[in-house]
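In what follows, structures are represented as structure tokens.
In what comes next, subunit A is part of two complexes: it sits with subunit B in the first one and with subunit C in the second one.
For the complex of A and B:
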């Protein structure tokens, strides 16, 4: 090896160290009268739509807290600021960004990323550094069986998302005098942690009712086509079709079920609002059942945003669109931080962690109380049906404004 | 030569001290060595032998899964690890190290076996056909891994939590990857200096002629891929643990990120040279981190612009450009000079 190449190598090494040093704007957890939260959210990549909802939710809550004088900790009021990074929708990035937030930016309070995969990438790191994270968009149940102590989730776990649809189908069919055991279920879900959990929940409930799962398809992550599954649906005529694949999957299901005129008595999907299926497909989206973490007609309220409906109005005024639940739960995560920091009365991460664990509060988003694994056990999932272009809560019955239209009218009769 | 040794020493000392001097950057620095490993192992095939592989990420993912599965199956029940609610318990330092060491060793073995089997089939292809075939390899592997429940399928696989007793996680992995990168570098240096290096360079320059000269080209090509796969497989086992969560398509067989970066870094630094991939990896990693921080939201655009600049202005890579610019600096050794015009080809 010649000396020049070695010298170029040395230069590069020097550059590396210098560059990495420059790569981190120094920032403390609390600067003067500002508390800095850290978040690595998907601004680019396949989760970018939901990443935006997540950021808007965080920002709206931060702004509301600041407008109301900030968070009170030990008698002093602090403003809220959020340091963002882009995880590019890949969990490989989240581990690095978690370290960056904690080590380089000195952040002690973390807000979660969007999606179960990215959250899984982040959780082991925050656990390692004993830095608490309140997350609002990582619903996979496998996040909550690793014994993580510093992970708190305000949302219902993903196996609950569409299980309620199975129960609803069972009850409605029984009311019609059909044998529940005769019902056939078709499942088409994306091959990612979130949707696979949804599948697990649906299968558990179908088994409980003695239903038969006739189609059980995995859809690729580059979700552009599900005609193969829908052709099977046309052939075997299941009573319930369950589809999950984040926003892309929702739009795809509605579009292709319509295009292929697939008649199925019940179609249940996730991410209706985030994908704006009503705006995109209009009447073609009617009668679809949509799982949601939150509905603006619910009776929850808090001292920051008021009622769920008030939150929806505030959000709409700020960002110009109806808040999907991804935004609502993100705002709720910030409120959980505000509540816990106030109760802790200190910035000591252990004390704050313990305060988080004891959270028992109501927000516009729902009740929040964590079990020992860190997941919220105080809030049910809601199922809404699109009726005449509107999302109407239909299950569970205590929130149900209207009855489910079941079975869906045939395409030929619409 | 003694001057070279002194410079190697200086780089080594700097590298050894780096995580102690900059404790907040340990993970990024650890990833720096991962990038160096990516570029070095890719260059065995792509640079020295002229076989552009877009499927090396296959060995990375294979190593990740093998290591993680060994770590899991040694101490945990598979069903329980994946499903049962509640804590599954953490490992002691000894258990963790045993699992990791065994996992990494098996990852290397598995990658070599896979390369030997695949190589004997695929390496009959040349040029574009080989490139496209390897591209398919990485994509297929991701989809297949996403369908195997034993390794978590689409839900992915979480590696065991790093035990507190072993100190700082970033530091541990920094030295692991540093050691592996050094071992890879000197192994390749030794291989390139000998008959093996001459043979694979001959294959790059004219495969038919090389064969006519009596070189068992397919054997050399397969061995070259095995060498590349061995180090990449071990690196994969480490990366899986450093990331903490193995997703089949986004982390393990991540062709669009890791898979492309490998190629890019080697070309950036100057492929077909020993130091080129190292320099390319360092520059790529640092610019990428800088873009991520300072060009927030535009980092991919900036990275794309950087790639265009590299391809247009430094088609031979940085080292290739330096050699063309100051050939007298490289003129002392005949083989270096002979290699220079074709260095980036």
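For the complex of A and C:
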């Protein structure tokens, strides 16, 4: 009998606790004069390097907001605090941690994890609980075709990574008096979701300009040789060659384009920095266009950090290294929250979600305006050209410091 | 089929594909020769073949990082991988050498996963390459471009292959290896220490792969997880050429290199590997038919 009463007692206690949790903070997680954001970021595992950049970006923006008196909501100023968990670079863990942040910690404002995979892990959970999330490091197209209402991304999505190269080629050729419709595009991208997103973006833009796609190769995952593709490039002489195959694709492309002396007026690739093509190949990497989300020389600015260059200086002073774009976009995500909370004037998650949806601002990282799927449509990707062993921003033309060298000099003239 | 028309209209591009294919085919043939050796002598299909190649590449990369010319990496990788092979044989392979094929495939599969992860820990997942500093050779008024390192690699591969043939034919150890391959039991009765022969054979294979890897890192790029491509190619070549047939291995290696390039050019890079495997099926079917016909004659 005693065991039965104990059990009934435990059940009652359990219900009471459950009731307490359910009755928990109906409004946002605000402790006194502090707004608490939640984030599950990779501190360990394969994304840990970029996870660190992400956290540094969030922390720097939070500190800057606090130094400037916090976020003003309905006439009162609130400080910013971020509650972190380590997702161990495992997307399944992000789903658990999202539950934990929302249910146990009562967090109502979420900052995204690092990477498309972890972001995909969190998105369905925040959607279930109708808790808005601003993310800065999940670029996959598949995040934005599921009809998520509470997901907002400040970065350019993956299909935009190299589409800008097509626009650049069109503009430069038109300036030279060439017919844009005569341009030929060659695409060699890896057969994985990320690179196929890139391919889709390039093909869309090529179609828009009326260009012809003359090579459309899908590189295998165990890519070890691009000779066949590059021989084709030599044969059909396209005006633009687009290559994306993570680090090995970047390294192979630079190496073999040089060794086979493939002359193509424009070569645009991803993962230049990750593959360290300048360090590995030196002058052979010159004139290559590299896609990046952000560059510190761009002429964007805001009221918190000042210009992109100012942000880079602040970041360098705080953490001792040049901010990679992963850090910059993470800081921008915090700024988006600050802007939206101020405009909403309340902590009601629905009202804040609507305010987020109406975001239209410039930050040091670029312009931010979300479409109905939650992705940022106001910030183009940045293209940097390797000139004399340095990455020089050349596109979008309106914000870039330097001009593209186009066409690439022939190998015989170098 | 537009791409086929290009080849017909401008045959010079066929020359490009052919030369490139043949030159790199020699490197594949090297790794395949090692696989055939282990398979023939020990009846083990070494799944870790590609990881030996990649590790050899890393050794050469380390040599280049230390400030030496990567060519020096070829002998260094050969020796280093011989040692690695010896340790792996004593630790793992010796325990499965007399068991059935399935067990040894599992064991070498395990070695391959272990090596990938260790290389990932030690060298990180970053892509690496070694620069030989050689230029490009221009043929046909500059329309055909051949990286000189590929020619050097071709020569290296052939020289090493030649040395191995002489070693197997002339040296006492080579004869012992061949005797063990023919009949291990008889060899043991005649005084061959087959345990030692196995150890040397396995280590020699690792060493050959190491040298191949040294060439790979100078021609292309390496990364801890792309060894499989080399395992698969070795396997293909051995299956087509048969065991104990060096001329066949070389011919199949060179042919495979060229066929891959043509397939990639005409069908697109996504069908390059698919084409090779289809080719394997066709060759096996063809061989089966031919054997059946011979059997009918015998009957």
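Here is the rule we use: the second predicted complex is superposed on the first by the 237 of 414 C-alpha atoms of A that agree within 3 Å, B and C clash if a C-alpha of one lies under 4 Å from a C-alpha of the other, contacts with A are read in each partner's own complex, and residues count from 1 in each chain.
Please note the rule applied: a contact is a pair of C-beta atoms (placed from the backbone, for glycine too) under 8 Å apart; a residue touches a chain by one contact, two chains touch by 3 or more.
Note that the coordinates shown come from a computational prediction; the quantities given were computed from them, not determined experimentally.
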| item | value |
| --- | --- |
| Which of subunit B and subunit C A:218 touches, first, second, both or neither | both |
| Touching partner for A:227 - first (subunit B), second (subunit C), both, neither | second |
| Which superposed partner A:128 touches (first subunit B, second subunit C, both, neither) | first |
| When both partners are placed on the shared chain, which of subunit B and subunit C touches more of subunit A | B |
| First (subunit B), second (subunit C), both or neither touched by A:120 | first |
| Contacts of A:91 with subunit B and subunit C, given as first, second, both or neither | first |
| Touching partner for A:32 - first (subunit B), second (subunit C), both, neither | neither |
| Which of subunit B and subunit C A:191 touches, first, second, both or neither | both |
| Subunit B versus subunit C as contact partner of A:141, first or second or both or neither | first |
| Intersection of subunit A interface sets (partners subunit B, subunit C) | 191, 218, 220 |
| Touch list for subunit B against partner subunit A, complex | 3-4, 7-8, 10-11, 14-15, 18, 22-29, 31-32, 82-90, 143, 146-147, 153-156, 158-159, 161-162, 169-170, 189, 242-245, 247-251, 254, 257-258, 273-275, 278-279, 282-283, 285-287, 289-290, 292-294, 296-297, 299-300, 318-319, 322, 326, 329-330, 332-333, 336 |
| Subunit C to subunit A touching residues, read off their complex | 3, 6, 10, 13, 16-17, 20-21, 24, 125-127, 129, 131, 136, 138, 142-143, 145, 147, 149, 216, 220-221, 223, 226, 228-229, 260-265, 268-270, 272-273 |
| Residues of subunit A defined as touching subunit C within the complex | 46, 188, 191, 216-220, 222-229, 231-232, 234-236, 247-248, 250-252, 255-256, 259-261, 274-276, 280-281, 412 |
| Of all residues in subunit A, those that touch subunit B in their complex | 1-10, 12-13, 15-17, 19-25, 43-44, 84-86, 88-92, 95-96, 99-100, 103-104, 117, 120-121, 123-125, 127-128, 140-142, 144-147, 190-193, 195-197, 218, 220-221, 373 |
